[in-house]
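Okay, so subunit A shows up in both of these, paired with subunit B first and subunit C after.
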Partner chain A sequence: MVGAREAVARVGEEPDVVTGEGAPAASAPAGRASAGWKVLPIVEGLVLLIALVLPWVLQDYLTVFATRVVILALFALSFDLVWGYAGIMSFGQALFFGAAGYGVALMARDLNVTSILLILPAGTLIGLTASLLLGGFLLLGRYPSSVIFVSLGTLTGSYAADRLARGWYYLGGQNGIPSIPPLTLGSYEFEEGPIYYYMVLGILVVVYLLCRFLVRSQFGLALAGLRENEQRIAFFGYKAQHLKAIIFAVGGTIAGLAGSLYAFHEGFVWPNMLGVVFSTQVVLYVLFGGSGTLIGAVIGTVIIEGVSFWLSDNYRDVWPIILGVLLLLVIMFRPLGLISFVLGERERVGSFGKAPKETGNAAP
Partner chain B sequence: MASTFAAAFEIVSFGAIIVLVVLGLGIIASMMGIFNFAQGEFVLLGAYVTYLAYAHGAPVWAGMVAAPFVVGAIGFVLEALIIRRFYAAPIVAMLGTYALGLIIRESVRGLIGGFYLTVPEPIGGSIDLGSVHISAWRFTIIVITLLVMGGCYLLLARTSFGLRVRATLENPALARASGISTPLIYGATFAFGAALAGLAGALIVPVFSLFADLGIRFLIQGFVAVMVGGVGSFIGPVAGAGVIGTLSAALPWVMSPVVADVLVFVLAIAFIKFRPQGLISGKGV
Partner chain C sequence: MPLLEAQGISKVFGKLTALDGAALTVGENEFHGLIGPNGSGKSTLMKCVAGAEVPTTGKVSFINTDITAFTPTERARAGMSLKFQITSVLPTLTLYDNILLALQAHCSLFDLVLSRTRNKLHDQVMTMLTQFRLADRAHDAAAALSHGQQQWLEIAMALAGKPRLLLLDEPTGGMSLEERRVTGELLQPIKQHCSLVIVEHDLDFIRDICDRLTVLDQGKVLASGTVAEIQANKSVQEIYLRRA
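So, the complex of A and B:
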């Protein structure tokens, strides 16, 4: 019955959709748009195509840089799942990223383990464990936690971990853990360069597809409902807190995977990786690119890191200010991020109804 | 005995600094429902204004008097231009104020470079109490904190302006219907919170010296203090700040500073989890 009412409401709202973001999909009648031509796969295909040919076009040192960006995109994906889909503001996503980084760095330093077959599962597991613990504590419980509490709780967790790493001699203090040996597979060593790049890109594509499947599934639908109206989802009989804890753990797992790749790629870990710097960095990527679309997170990472790399020679001091201004403009006038210039609202949400206006929205 | 007294003074003096920083944050969070991530940068701006006055030959105390007015004015303008758009969504407000803070912080960093700039204490020397010497300036900070706290309380509890602020907090629609200009009240409250941050920055700059990350240092401690104390009242955040400030200053005396540092946060988050309304619940003053 509710479904029927929803359908009626949707028909009533169609004019809104038509006057949407001016994307081709939005200009078609709503019913046909979901069956016909879509922008999202085209954008995704384009990004993948560019990513695939990049090492042939770029010089070697730029390929190394591109590898770092791909790893950070993986990290951004983890945050996008948590914030963009479930509406949980995790201001401490770097905690899982950095914890996994530190964990695998210690494995390499103290146990001489560098095999990719052990390192990546270990990093993933560290991310999963850490996010289950923190997420379980912050999200579960007799009373649902407020969004403010969760966001400040994750922020504080990340900040506390940063302080701990800075002061703990075993973890290398301020300097972190330097000179991590390269990742190995049998006797092969993954050095920085095209091979590492393609390996990381392959992981990103696999994780991306898994996430895409997840958010388009029944579970993803429940998540989107959680983001839009938590109370209604609870009335439908979902355990909203459990859903949140699960997606938080999935996000933490991906962040852990990204963190272990990052540690071995850079060759060192340092306290910032755990702290507020990286936590807020990933928020910037996702907001800028467009939260609630997986590809938006990737695009945001590429643009911010790319421009920052490009400007860092001449405009090092001005760039963070420009970044702040751009971010403020995006939050105020384009709350759905850059991707919303090409992607219609209907397609962003998927084929299950229209998102209300509040989605990460800055409008008063 | 003497060392105990010195330790107690250190603890109280640090607690006072945290209270001073949290006052503005707490007023904005309680009265407007916004967790202002740019608050740390308002502290930084206050410190910067004081430094500017000193660098241009004016006495330090003149800079300290000017700082709250300058920062309050900046806060008023920012509220009218930007913050006003965020009232509907508290999370977006966090992100927006974070971006604002980033802009301010990096601008100041560009202006002062990566240096630590020192500003002398306007009241130097020490107060001798028998065998104990306590810093005169830190003592002054404690006194000023007490005065400002009392002043804020009186302003919110006893004046008609305070009544309007509380009315706007409790029921904005009814407040508007009663002829209170709620946008103006929000603007004034935000400016007042910013001015308090500016004052805090001006007073602590001789103790910590001026560097771009000065504000960030206190921001998370401030948030935790507000949550521990309880959002919604004036007294709550102040009490929370007292607790957090005292704990963070006292624990390093009995255990390793690193553990103490982290323990304060863990204890605070656990406390908030099991008592979400904070130490002092309820709205009002």
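So, the complex of A and C:
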């Protein structure tokens, strides 16, 4: 079915290409429009629509759960950029998530800082700094680092941070830091519930759109090259290691933002937030939904969290087994994730050339 | 001063000596063929020049600069380009995006993130695709191309950065006779601005397009000179007769 659709798309493109040289402005839109951009915006629109009406139909305790899922989706986006788009196997994404969570929790506990205007920039900055340091160490060098080195390096970093937090009294040891006060804006306090939900959703949408802009830019094309054949693009003159370190830092920044939102939403931070548990969880979200598509990361998070929630309610004893089997099945039979049921390969990879829109807009 | 000068290149893999003091000199706007029997070290010499392998000993100079220790990225930025023996176009990307990817390699990060060169490079992409007879398939995924077309796409990508020296490792491998002829035609115009080193088994193809030849045998240079000189060379005839 997918093949047939692609074939149709190709036939539709012919006129564009034949006259491409002479009158690209006039003919390109027809060709490009038929090349795709159909499924993704629909899925994205649907997901957004559902997200917007959710607090209206859910009971309050479920809205609190949904808020947590939206924050985790933000975290999943950060991993998707790094792995799904740039092909960097980071098994330690929680390091940046948790470091920011701990950082802002300490700001609240020791400095009484709870203003959203300070907390979110601080968390973001912690994520950025931590990922620049780790990324610089693991990725920058004269020659490219091996996949094993990077995946074990990130895994070790995350594990070490987890151990450090467990053993360090100042960070609360095994128990972490409890009773974080609510996030504030002036005298207003963000309590769990619809307001927090919409605030977090707003942040997710903004970050999503920024990521979308980035992965569809010429930089996104360079990332695609990096993911598919790092050695090849080095021979074009790309500084592949720099590209990797940059996208790794962007991912770490977003993870930091998510971590600080998570800390204040849950009201406490604990060592798992830094460690292997969260690091692998985010890998599963993205693989399950569909790596290399931003919406896939969001969908994967929602479905895994939603299904675990439902299963743990209804199959109290065996739910982890059911969830595990489900994850295995998807990863074995749908390696491109659930999104690949509706999204063809061509649209997933996308095109990066001059878009018809820009041709039209260039004149005025 | 030659464009490229590789001297005393040796490459040892464990117990195997792939290259033993080989040399290669290429002038400006020269098409240079690198030939020899299987296992003579042609591809290895090519890789040592391109930076895909680091020679055990020897020195590579390019435009008066010692580039022996340069990484592939640094060599590419110095004006050298390589087409791999195994085609390595990016199969899931469209032809258009494959070329754009190669063309934009020297753009600044800022330009890439804001896509500021996207419109500017459009005409160059289409010109290259047209030049290599691929324009009508611009928006197909590269994986959908025939093997020969993938080779052309790869040559186009290798030329995108306007290199001073292009290294082609078996450009006509797996091509039909007609495709080989066309490949020769496609390569001719680049002589105005670029030198070429070709590793190739098809001796007719080499004879048709090259100015000079270097013959390798067992990791050593057997002979080097113009096509006519090489054709008249007794020891070269011998190894090719021996092989036949």
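Odds and ends about this structure:
As a convention for this text, the second predicted complex is superposed on the first by the 312 of 364 C-alpha atoms of A that agree within 3 Å, B and C clash if a C-alpha of one lies under 4 Å from a C-alpha of the other, contacts with A are read in each partner's own complex, and residues count from 1 in each chain.
What we mean here is this: contacts are C-beta pairs under 8 Å (C-beta built on N, C-alpha and C of every residue); 3 or more make two chains touch, one makes a residue touch a chain.
Predicted model, so just to flag it, every value in this text is computed and none were measured.
By the touch criterion defined above, A:Phe341 reaches neither subunit B nor subunit C. After overlaying the two complexes on the shared chain, residue contacts for A:Leu152 are found with subunit B alone; subunit C is out of touch. Judged by the touch definition given at the top, the superposed model places A:Ile331 against subunit B, while subunit C stays out of reach. In the superposition on chain A, A:Gly167 makes contact with subunit B only, not with subunit C. Of the two partner chains placed by superposition, only subunit B is touched by A:Val283; subunit C is not.
Shared-chain residue A:Tyr143: touches subunit B and subunit C both.
Across the superposed pair, subunit B and subunit C both touch subunit A at residues 143, 358, 362.
Contacts from subunit C toward subunit A in the complex involve residues 50-52, 71-73, 76-77, 81-82, 84, 88, 90-94, 96-97, 100-102, 104-107, 109, 111-115, 117-119, 122, 125-127, 130, 135-141, 157, 160-161.
Looking at the complex, you find that subunit B touches subunit A at residues 35, 82, 84-92, 94-96, 98-100, 102-103, 106-107, 109-110, 216, 220, 223-224, 227, 231, 257-258, 261-262, 265-266, 268-269, 272-273, 276. Interface residues of subunit A facing subunit C in the complex, by the touch rule stated above, are 10, 13-14, 16-18, 20-21, 24, 31-32, 35, 142-143, 214, 217-219, 221-222, 224-225, 228-229, 231-240, 242, 246, 345-346, 349, 351-354, 358-359, 362. The touching residues of subunit A, counted against subunit B in their complex, run 89, 91, 137-138, 141, 143, 145-149, 151-153, 155-157, 159-160, 163-164, 166-168, 276, 280, 283, 287, 317-318, 320-321, 323-325, 327-328, 331-332, 335, 358, 360-364.
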